[in-house]
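Please read through the structure below; I'll follow up with questions.
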Amino acid sequence: MRYDQIVDKGLRILRDAGIEHWLNLGAETQSQNRLNREYLDSLTFEMRILGDGKWADTHTNLLGVDLPAPIMPAALTVSRIINKLAMWEDPWLELFASGVAQAGSIMFVGMSTTYELQRIIDRGAPVVKIVKPLQDNEAILHRIKDAQARCAVAFGIDIDAMYLEKAFDETPGPPFLGPKSIDELKRFRDATSLPFIVKGVLSVRDALLARDELGANCLVVSNHGGEAIDYSVPVLKVLPEIRAAVPELTILVDSGFKRGTDVLKALALGADGVCFGNLLLLAFVARGAEGVAEMLDILRRELQRNMSITGARTIAGIDSSIIRTL
Amino acid sequence: MRYDQIVDKGLRILRDAGIEHWLNLGAETQSQNRLNREYLDSLTFEMRILGDGKWADTHTNLLGVDLPAPIMPAALTVSRIINKLAMWEDPWLELFASGVAQAGSIMFVGMSTTYELQRIIDRGAPVVKIVKPLQDNEAILHRIKDAQARCAVAFGIDIDAMYLEKAFDETPGPPFLGPKSIDELKRFRDATSLPFIVKGVLSVRDALLARDELGANCLVVSNHGGEAIDYSVPVLKVLPEIRAAVPELTILVDSGFKRGTDVLKALALGADGVCFGNLLLLAFVARGAEGVAEMLDILRRELQRNMSITGARTIAGIDSSIIRTL
Amino acid sequence: MRYDQIVDKGLRILRDAGIEHWLNLGAETQSQNRLNREYLDSLTFEMRILGDGKWADTHTNLLGVDLPAPIMPAALTVSRIINKLAMWEDPWLELFASGVAQAGSIMFVGMSTTYELQRIIDRGAPVVKIVKPLQDNEAILHRIKDAQARCAVAFGIDIDAMYLEKAFDETPGPPFLGPKSIDELKRFRDATSLPFIVKGVLSVRDALLARDELGANCLVVSNHGGEAIDYSVPVLKVLPEIRAAVPELTILVDSGFKRGTDVLKALALGADGVCFGNLLLLAFVARGAEGVAEMLDILRRELQRNMSITGARTIAGIDSSIIRTL
Amino acid sequence: MRYDQIVDKGLRILRDAGIEHWLNLGAETQSQNRLNREYLDSLTFEMRILGDGKWADTHTNLLGVDLPAPIMPAALTVSRIINKLAMWEDPWLELFASGVAQAGSIMFVGMSTTYELQRIIDRGAPVVKIVKPLQDNEAILHRIKDAQARCAVAFGIDIDAMYLEKAFDETPGPPFLGPKSIDELKRFRDATSLPFIVKGVLSVRDALLARDELGANCLVVSNHGGEAIDYSVPVLKVLPEIRAAVPELTILVDSGFKRGTDVLKALALGADGVCFGNLLLLAFVARGAEGVAEMLDILRRELQRNMSITGARTIAGIDSSIIRTL
């Protein structure tokens, strides 16, 4: 199926189930997805076609894993809503993980039991475990050790999750979450030899603290898909400053990315990879594991074409000067 | 009730009574609320989450009063329209004042008789009295002495009220109002030992004159909720210049503020407090005194969450560099 | 009647007659009125209220005539369309001139016979005669001498009228018009001792040529109400440059001005007066001569209020720094 | 017929045939035509009317051909869709070429057989042949020699055509196309003594390579009518940089131009000529060869009027300072 066909089918299913609003969450006035999109839309590309006459190479290595393209799912959590959408043969997140494995990408897992995590791992894709800031620090430490024992490729924590709220029911972050001090986060970091990911960075200040105080290896520059502070600065506006401040860290982005051009903009402005949440959920809702694999491959092909037109031969060779601000 | 539920209920009641347009007044083309909103919408936030792992403290002291948050009602006047909306057990402004007292905020009172003022004071919240520029100077002086005798915490004057007009019926300011010279205003200021508030400042020039010629202690940077000059400069655009010009004055803002993010933007750009008119009236219309108290508390919690996400530990510690202009 | 009532009535009459599109002419894509409005809308005002406590004085002198305010009609031409709208007791342009006389303003007359011109003059307002660039130079010279003999206060020429076209029927300027060389224009200028007005200036270059080559006393900075070149630069964007280049000339503006705030913006940016075409025609259509006088007075009062709020005591005292660009 | 009448009739015919979407192609989100238009719309003109009182002269010489104006069709390809729209007496592209000949312009031909090319040439207009990057290099060389033998005035290649895709069916460029290396392109260039055109340039980098490595005589700055990379930089934004980099080359532009003002903007910013695709196809659909000739003449007259208003006496005399950015 084509991009539009997959998206349209997924949207139709959500609409029929009365849960379409679930795709556009956000605090107070739900400004974030709109602002992120407007900023993405203000960036255009030069074309740089003349060259060796070859198609661009999208392969890359992220967190020690070789990938066909720097395109991954965002961290997803077992959700009862999606489980109810259809009579899935298996828990939906496991099916989703099969699609990720089929596409050769990395699976990012949010909240899960150790049993669920193992079943997701069994689907075959390398797994990154992202834990939420549970009030119970021991529970976090337990998850870290469990993830390491199960050979996750990296471990991370959502530092903003306790502040999230959803406009349509104005519920702040779940009560079992809470803010963590730098000392507490350091304790989590020290409990594992896995690469450590800090997710929810949206300032140079936090990027520097994550590197210097927490020893983070990887940042996810993100407004949590629109659920962090209302009117958060657009992800790609702050990304170049963060890249300049922590040049040696792996930087992923998520929140509102939709197409191959979005990926190329993020890579040109400093990201090493781009994570997709809602889009891959739509693909899954539309077509199950196959839809996830298809969509990851569509995005890879869009990126390849866009890199080719802008003169990039490799991911490392993407030139930031192709971006022209309107 | 949640924010949206309160607002929707208030709007529905006004709409059913055929007076919804009363929420969007404004001279000539009614540009001001739109321009204020567009300017607010152009300001975004960095997130600065990493720190001590504690929630922000919103307490402050304004005009000598300890407050749970720098969030207050704008000066309201006894309005026959609202009195007719329901069979209120008591005059609506007194009920409103009860809600303010319940939330621990300051009550701002506009036009009122001395009898009405006392009954509002009896509701228990500290009271600020704001007079309009009546043509009769003795009447103003009488109100000043009366307010002081009743232990108001501050006294102020609307310097723009004689120029106001409402687009939908194009009525200029009421005929019993008139412009005041600096000498006349000085006479009012000298008649009281209360802190003196100049309301309707929208330029550095007027801020300096208010401080240097009138000895004002507090300014309200405001376009009078959209009723001052059509195409007035947005409140937050001129606020940082005024803050820089009169660093020692207390500065409040009003006109078009709606959410906790709006409050944080105002505080970051130089305000000490934010006053809400229409929003609290809607809350009152929806739920009476309880609605006012609820809404003041919702705004306080939104401010607390937003301060926490942007790294402010206290009101004084709000860092203006969290604001990123689009 | 109030502003909105007059405009609404006029619009309704035009709509009922099927000629509402006549209010928004313009070449190719009709961009000009939209661009002019967008530029006007990007300008806001500081408030400067503190002062002597007096209302502003809008009186001025233009082209040797004392006026209650620098607000005038644009040059109008006898139009058969308007004549057919109602059973006017007299030719509509003469009735219109009565309204102008009643308001104490100057009447600007476009195409007219010498007989019509005299009848318009007889209505009592000082008259400015603006001729179109007729191909027949002798006819122009005849009109100049006739206007001077009838004691017009000034004489002018539309330099852009042969290029005009209307989008809805794409008719270029009437065939009896044609471009004039500087030498021809000089000949017209030399034929009269009246103040000489060049209308249709929209660049510093033409302003300098008009002054230095033609000896013009007055410019009308204008895009001919939207009918000149599609995508003409907004009138107020180029006005300050023209004012700086020819500081000693009288500068009028027209094209798309609607309210007292528009007038104050034009005066602050360098204009000496503002001419209204469509708005006064609407007022005339709605209420005849009385409507014209009423609308001129409404605009004067709006200007007075806006000057008072921004601290201008007189027309000469309007301070350009009150304008704040968004 | 007038401009709007021709366009409306063409649109109606396409709509009735269910192929209106064919006018707004584009990759991923179809952003390009919208962005090009927004950029065009941000450019306005000064008026410079005072001068010699003569109408501007639009004549020019492009690729060795004297033209009434620098206005031409974009390269068109025999399309079965258009063939089916009506019972054309001859293949539509040949009829189209008759209209071009009638207007005295140059015919640009895309994909065609040698037989079709000859029949198009027989219609009488000078012909430019533009090939697509066929995978089969020999086929390209064959077309080059054939075009030269048939006395085409120039030969060119679409360097971006293999990357094109259409949003509504997401089909990437046809499978018989493929990217060409600089060496391959040089081989094509060396195979002919005709002027060599590189079409699909949208960066200074490619402009310099086209001149220095390929020996190109002429560039077409273009996003292929919206089908190149999604979010390509607007054509007129990059045009002045390309003009400055390769001052001696002939530069044509296409993609989204619609009116005489668009042409004047392109010429003022560095183009030597402007090509129209969709607009002339609409004119052809509406009125056949006659429509093409009419529309080319309407555009010429619009350009003449616009040049006259902005003070340009000749194409070479167009002054870039007439452009004012909003």
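Order as written gives the chain letters A, B, C and D; numbering starts at 1 within each chain.
Criterion: a contact is a pair of C-beta atoms (placed from the backbone, for glycine too) under 8 Å apart; a residue touches a chain by one contact, two chains touch by 3 or more.
Source: prediction; values computed, not measured.
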Given subunit A and subunit C, the chains that contact each of them: B, D
Same-site or different-site touching of subunit A by its copy subunit D, using the half cut: different
Chain separated most widely from subunit B, comparing mean CA positions: D
Subunit C on subunit D, rotation in degrees - Cα superposition, rounded to nearest 5: 90
Inter-chain centre distance, subunit A versus subunit B - centres from mean C-alpha coordinates, in Å: 42
For subunit B paired with subunit D, centre-to-centre distance based on mean C-alpha positions, whole Å: 59
Interchain pairs in contact, sorted by label: A-B, A-D, B-C, C-D
Residues of subunit A defined as touching subunit D within the complex: 2-4, 41, 43-55, 259-261, 265, 301-302, 305-306, 308-311, 322, 324, 326
Residue numbers on subunit D that touch subunit A, as the complex places them: 27-29, 31, 35, 38-39, 159-160, 163, 165, 167-170, 172, 178-185, 200-203, 205-206, 209-210, 213-214, 223, 228-234, 237-238
